[in-house]
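Structure incoming, see below.
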Amino acid sequence: MAGTLKFSPDDRCNAFITTCAEAPFGEGVLAGTAVAVKDNISTAGIQTTCGSKILEGYVPPYDAHVVELLRRAGAAIVGKTNMDEFGMGSTTETSAFGPTKNPVDLERVPGGSSGGSAAAVAAGLVSMALGSDTGGSIRCPAAFTGIVGLKPTYGRVSRYGLIACANSLEQIGPMARTVEDASRLMSVIAHHDPRDVTMLDRPYDHQPVAGVRGLRIGIPEEFFGEGVDPRVAEKVRDAIGVLEGLGAETVRVSIPGMQYALAAYYVICTSEASSNLARFDGVRYGPAVDTRKSWHEAYQDLRRELLGAEVRRRIMLGTFALSAGYAGDYYTKAQAARRKIQEDFERVLRETDVIAGPTMPTVAFRLGEKTDPVSMYLSDILTAPANLAGIPAISVPCGRVDGLPVGLQIMGRRFEDERVIDAAYTYEQEVRA
Amino acid sequence: MITESDIEHIAELADIGISKDEVPEFTRQFNTIIEYFEVLDTIEGEGAPDTGAVNVFRDDEPRPSLSQEEVLANAGATEDGFIKAPRVM
Amino acid sequence: MTVDIGETIVGLEIHVQLATATKLFCGCSTDYQDDGPNTHCCPVCLGLPGALPHVNRKAVEYGLKVAKALDMRVPEESEFARKNYFYPDLAKAYQITQSDKPLAVEGTVEIEDDEGHEKIVRITRAHLEEDPGRLVHVGGGSKYSLVDYNRSGIPLLEIVTEPDMRSPQEARRFLNKLRTILEYLGVFDGEREGGLRVDANISMRGSERVEVKNISSYKGVEKALTFEVTRQRNLLRRGQKVARETRHFMEGRGITTSARSKEEAHDYRYFPDPDLGPIRVTGWLAGIDLPELPTARKNRFMAQYGISLNHARTLTGDPRLADFYEHVAHIEPVLAATWVADTLLGELNYRNMGIAAVPAEQIIELLALLRSEAITDRAGVQVLREMLDACAAGKPCEAPAAIVEREGLARVVGDDFTPIVQAVVAANPQAVEDYRAGKKGALNFLVGQVMKETRGRADPRELGRIVSEYIDTGGV
């Protein structure tokens, strides 16, 4: 059963940074299945760059926990997918290895930051891929390319080996063409790993079941407000209508903490990232630092040369937010805001079983359309709350606007990824039939 | 209001090399972004997000380390088993 | 013009390497002293991207043991935070330490002040953190340095005192006491180089405070502080101000030098490490058993063995020495205390030997010979030296009785001396005359001459009596 998978894709979308022409595989539930892995997940013996020049040529000496599990399940790891540099972006355009294009429309971005994984799945190069989601990085590209992407409950999948952008927010998750495949991949990667102490021992072992009779779906007004393309909102309402038709009950709810979500998200994310990314100094790995210069000079030159503008901007923002020298004390306030958002979601999810809304406020942008950082940040408004609350959230395709895919986002209670999967599966089965 | 000299200071603190001609652009962007942060000033009280895991410890049992060869494999420059780095002075 | 200079105020920050088998956040062995550079490293302590820290339970237990021994309070919750700064030996560009929520707070250590009175030094806090790697500066104007990450991630307990010490000597006594307690607790390996490192804050009351960093041996502390007292007092005496700054101690030259101002502009941007959850271990304290600590043992030694405060203090200053003493004390406690605390310790220091290398059974035999007066003190010293020399050379240790036999060191008594005394008195008529004229020194001289002839086999006091009797009774 074990063998080698030959892999030479026609990668016209630039989905991959690295491909493995001959990918070994073993026995198991994924035996011989081609799986693409986002390039911020460590793979022993395969270059892992995070889409950055500063890690070009870095070959990890160890596998991330999820990669160990993939190999154990027999999967063939066929390549490392393109991404926004260190996950900082919603378009995959900030990659140092060139942008990925959306297979649905090559003039459009695939979303990000897991744009390469999404494009590889959507283009049919692989049937499933791993992404990571800090503020929407799995769900945004899933929505933009018309595939399924799950951000698991925080603490359900080991982060060991995931090159950190924002540790307290991010999770590795499955991306696939169908809910069933996403669920299958989830059951391979969601196993307890003592090395990630933020993880709880709650393995995912589930077969999707269709049926939403009596399911209470919360519809937060904030997810259909200003900035959300009315045509996108319409598609999503239709999709929720389909679930209602199958016996689900909808409840209008409100999450007032949403007003803080983007600010809290960007403060926490940039603060943690500013600390996480400081280690790339060209000493232990990565392109070598110039040892003839003095330390600070050499280090600053290296980072100016090898980090992109968005990454440098976010490192500076995070440094500013954490610095004692400025009166804002933003990090502490952002944590308080996060607590508030968490409590809002908990309250709503006591009255309801899941929450539904659009994944993204719009359809995929044109390549080069988002030049202003703030307008890019605003596009995370509907996805970042689930990361702040630590709850599971899935994006499942629900029709098209102007020929471009729209994603239905379903969120659930912590450690109820199964319920979120089932709701998405029910919708998918119904519209496919 | 963040000034250009604030930006230079933050860049120094972050050890991010920025060139002179990048400063005005960074300053402008910073001010726009920080406007969005200001909503946080209306938050009252403190509070940390609820984290699940408390007292997750490991037993004091040695595990194999990487070989010296593996440790040095990704380093830019090495000498006698050490990794070369710029001098701090 | 006289300048009024305030008293000296000293506070210390002590970094103690905890003697765990593995590092603080990974399973790499801490036993790297005899191995090459970068041989005890893994993705975690190398700061490889994606690796995650996992706290060593033993390090927490050791921290709590110290907390209990220093009578500290353990708050309900403590947490690890990141201290962000860039340095090539700091693998992650942040040190995982504890900032706002340390493991333990508010303790005490009892020491003697400069007048010999008991005094309390208050402990502010104790927290866990990881050691950075080690930088080796290549000499000869070389531009680069070399990094060894074997030390990266070694668990440290940082103990911070209140500014309660009033002289460099008090600081030294405090450190000796603390070190002894740590050794008694078994959480610290006193033999390990760099196992205890100190930063000191020192000021003259009313003036600015100076932080002296980089004191890599606890013995250097008194030296560094003495230098600073002189430097600061001289500045004030000349009407100048002491600048608030960080200074580095240059161990080799025994001086401190000003650190560059850039290092003082540090803004460490602390925040709770999102990779690690909170620690709630207050309840563990009750289950921690403490051994008998130095002060209790010192008091017991005085009561149980009837030995002096000085001997008890010396003997309990090192748990191994105290154990050794208790092993040999049954022969005759006071005699044993003198021999172990004074003679043996002196001979060991001279040879740079540790107490562990001394064969206790031979010392017991030696003490028995001394107690029965079979040999004189002086012969005893000679036997001890022969034994230690053999041990130091790695040779089998001869039994004391055999050395006495071989060297003819058995005590000679009474009339056996008469011929020697006769000969010495006859040969030194001037000294005899001086003695008769009442010069005390003359008798000592004559006794010394006899001692020389007997090669230490006689007791000097006994000889003094014999010589004076001989002259007084007109033996001549």
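So that you can tell them apart, the chains are marked A, B and C in the order they are listed, and the count of residues begins at 1 in each.
Criterion: contacts are C-beta pairs under 8 Å (C-beta built on N, C-alpha and C of every residue); 3 or more make two chains touch, one makes a residue touch a chain.
Predicted model, so just to flag it, every value in this text is computed and none were measured.
At the centre of the protein atoms shown, by the Cα-centroid criterion, sits B. Distance from subunit C peaks, on a Cα-centroid basis, for A. Note: centroid distance subunit A to subunit C, computed from Cα atoms, is 56 Å.
Inter-chain spacing, taken between the CA centroids of subunit A and subunit B, is 21 Å.
Subunit B and subunit C, compared by their mean Cα positions, are separated by 40 Å. Along subunit C, residues 43, 46, 54-55, 86-88, 143-144, 147, 149, 267, 269, 277 each make contact with two or more other chains.
Annotation for subunit B: residues 13, 15, 48, 51-53, 56, 58, 66, 77, 83-88 touch two or more other chains. In subunit A, the residues touching two or more other chains are 58, 61, 168, 194, 197-198, 274, 278, 281, 283-285, 291-293, 295-296, 299, 319, 323, 325. Against subunit C, the residues of subunit A that register as touching in their complex are 40-42, 48, 50, 55, 58, 60-62, 64, 159-164, 166-168, 194-198, 271-272, 274-275, 278-281, 283-285, 291-293, 295-296, 299, 319, 322-325, 331. Within the complex formed with subunit B, the subunit A residues making contact are 58-59, 61, 155, 168, 194, 197-200, 259-260, 262-264, 266-267, 274, 278, 281-305, 307, 312-313, 315-321, 323, 325-326, 328, 330, 332-340, 342, 373-374, 377, 388, 390. Taken in their complex, subunit C has these residues touching subunit A: 43, 46-55, 82, 84, 86-88, 91-94, 143-144, 147, 149, 267, 269-271, 274-277.
Residues of subunit B touching subunit A in their complex: 2, 6-7, 9-11, 13-19, 26, 29-30, 32-34, 36-41, 43-53, 56, 58, 66, 70, 73-77, 83-89.
Chain contact summary for the complex, subunit B toward subunit C: residues 13, 15, 48, 51-68, 71-72, 77, 79-88.
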